[in-house]
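Report on the following structure.
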């Protein structure tokens, strides 16, 4: 075991406790783990014989971790074959995580697109349970259509304490808005936040880019905005080079970046 | 123009009859089509002094000098003595005092003793070309002394690689330089560049095995072009040190039955090629009963039949272990007269 | 103090060193080049000093000794993992100053980037000593002096090959005893002071200029010229990128290995995530990514020299004859253009 701790490329076997089928192609795997992780960090998740991929942690418990995966590649496809009691192989945690301390005591706006909700889910749940730690929470969460909605129970629950805008890009169901998340930025009264606020944006690159531009229309200062990046990685410890953008290594310096930095990260 | 000229004798002397009576075209051999550029001044001198001042790139890579009047021929023959000696004797180690291996005195000032075995043509090969697997003209020079001088006709074309720019498929005995490849899996990054190159430019024998992170090869259908070696960024594919050759026989153009040649040998070594060609005179003599006719090799193979050809041409030749030999050959001819093969028995 | 001994003596002098160390050095592999009848030189374990190629820059760099093209990280069986074993012996590596400097540059990434050191790299590097090879100034692709990588004092032994002898200088006392009986001469290594070509690199003053430079039209030239083969990064002594890959020995077995393989930012798919589009999907963008890493990004991260050591291998290996020197010249012009434009605005 000490040998394994020394070698940062060797993963540890972790048993799958439960599998929640959020959508047809996005499932949440809960695994037993003693890894100490922060909200917004990621793990290298692997299946020996198939390979390894960086996956953000979507919930952290005392002795478990959640990963919400979409079956889109070799590794994730194989994970979808697993059952409760099977093993996933983990190493990590990696990355900087959300600046939890910095976010405390502020009005927080979370804008997420699709699976971008996963990396902020654990943070949202922590603030839900400790709502006194923040001034307020606004959640704008968008999905493509009704089939792709994640964390349905939590979305419902969060409505109690958060101001929520749930929207579908091109679908309409009861209780949901229709349109892109960027359409709802105007609903936020940034002036009322007394410049004591932060905006967290996570989603596909295009969504983050346009949300960033939209926020600028409302004069949201760059330093108030945070984004989480996703890049290809093979090592997650700053060696393999895949995630590098200029002098920045997403695995080491990210995946969370203040917009002051993120806006200059041109691949 | 009223002269008594032995046209056939002059043709044997490498002067070709022209449509203008009494004018001839000299064809100077350039084995492998490659030669020191200094000889161009000789060509220029002949053309300007004895000919009509013009020059043609012979279709068999000879220097062709047009418009030489009959009365200049003996002067020209004297002038080219130096060229013949330097090219044939010095460069190619040809014994000019033989015809088909038999000792026959050659008068050095009499020009070429025979047109029989035609000039060996070659592409530039790996002297220059990035695709070439062999040095084509060096091979041509080695073959020259085996097939020349001889009254038996043979057209040999050498191509440096299976792209066959020099049309080994369209002559009696075509030689194509091929390479046996070696795969070094420890250097392979599984980028698949070789497989793509093979798919695009060769016979699609490579594929990436995802489980092993390695390239797999269908050895059987590899044409030995070396495109994989060229495409590989890590030198995971390399050519084996020994070059190999493919022999294509029986190709021809012509009025009656043009056809592309067929593979006779594959993965033969240079020794095998040279020793096989050493049997060419014997084979020709057998078919034509020791009387050379103006008949090219492909027709000789037809007359003898492939099996007989194979028997004689490989007689005493020790084949290298990699070498494959055609069991049979099934020709496909373009017949301009569909009943060409139907003859009175 | 130095030593002199002739070729015949070397094997007996080095036999004890070769016993104790795995010795790696440039070696010639005849006819394994990209084109036929060309050689490659690359690093390989040697059993005799006389095997070493002293006179030519290697096609591939010394980094292959520390990080092989394919390297097993660990073996797995069901839920258990076994780290691949480290080399049993320490390594003695013959290298020129550019390659020694390059290894120091790589070690910034492998050992100092982030909180974790790469154990596979360190377990070799910590057991490695350099034999500094005298450099004759390289060829017309070398520009080490421009990059400040022409000099190093990171060596245990320095060696120079003469016509029949070797000159040796020893800095590491461990090696003194082996050569005590040799002829003593004055010899200290010389370092190249001038290359045939040189390069100046314009500083990129800020992020605005950097991001404008990324979109400058001059890069588009490489969409037409670069074939994204990755040869430049494979041979580069400072490129470290790799991809991990799981290998299974047979379909139904539960055993296998995870290895890492050289990756190249120039090859399609380097940045492609599962289910997503490639980010840099044009040759020009990949080229820009590589060039800026070598001549801006690395320096910006580690606050040290530029990443490129000026060994010129990328120029030498590029099948499309793209010279990094002229790329930098063009980039310099583009930087000037952007800065001047910004001043005017």
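We call the chains A, B and C, going by the order they appear; numbering starts again at 1 in every chain.
Here, a contact is a pair of C-beta atoms (placed from the backbone, for glycine too) under 8 Å apart; a residue touches a chain by one contact, two chains touch by 3 or more.
Values in this document were obtained by computation on a predicted structure and should not be read as measured data.
Engineer: Applying the touch definition from the top, give me the chains sitting in contact with each of chain B and chain C.
Structural biologist: none
Engineer: Central chain, going by Cα centroids?
Structural biologist: Centroid comparison flags C as closest.
Engineer: CA centre of chain B versus CA centre of chain C: separation in Å?
Structural biologist: Inter-chain centre distance comes to 45 Å.
Engineer: For chain A versus chain C, what separation do you get between their C-alpha means, in angstrom?
Structural biologist: Distance between chain centres, rounded to whole Å: 38 Å.
Engineer: Using CA atom averages as chain centres, what separation in Å is found between chain A and chain B?
Structural biologist: Whole-Å distance between the two chain centres: 69.
Engineer: Could you say which residues in chain B touch two or more other chains, in rising order?
Structural biologist: Residue numbers touching two or more other chains: none in chain B.
Engineer: By the touch rule stated above, which residues of chain C touch at least two different other chains?
Structural biologist: 245, 248, 263 - these are the residues of chain C that touch more than one other chain.
Engineer: Once bound in the complex, which stretches of chain C touch chain B?
Structural biologist: Answer in residue numbers: 29-37, 40, 42, 59-60, 68-70, 229-231, 234, 245, 247-248, 251, 259, 261-264, 267, 317, 319.
Engineer: Considering only the defined contacts, which chain B positions touch chain C in the complex?
Structural biologist: Listed in rising order, the residues are 126, 130, 132-135, 177, 179, 185-191, 193, 211-213, 226, 229-236, 238-241, 243.
Engineer: Write out the stretch or stretches of chain C touching chain A in their complex.
Structural biologist: Contacts found on chain C: 73-74, 76, 79, 81, 83, 109-110, 113-114, 116, 118-121, 207, 210-211, 214, 239-246, 248, 254, 256, 258, 260, 263, 265, 270-276, 279-280, 285, 289, 292-293, 296-298, 300-301.
Engineer: Enumerate the contact residues on chain A facing chain C in the complex.
Structural biologist: Contact set of chain A toward chain C: 3-4, 6-11, 13, 46, 48-53, 70, 72-76, 87, 89, 230-232, 234-235, 237-242, 244, 246-249, 251-252, 264, 266-267.
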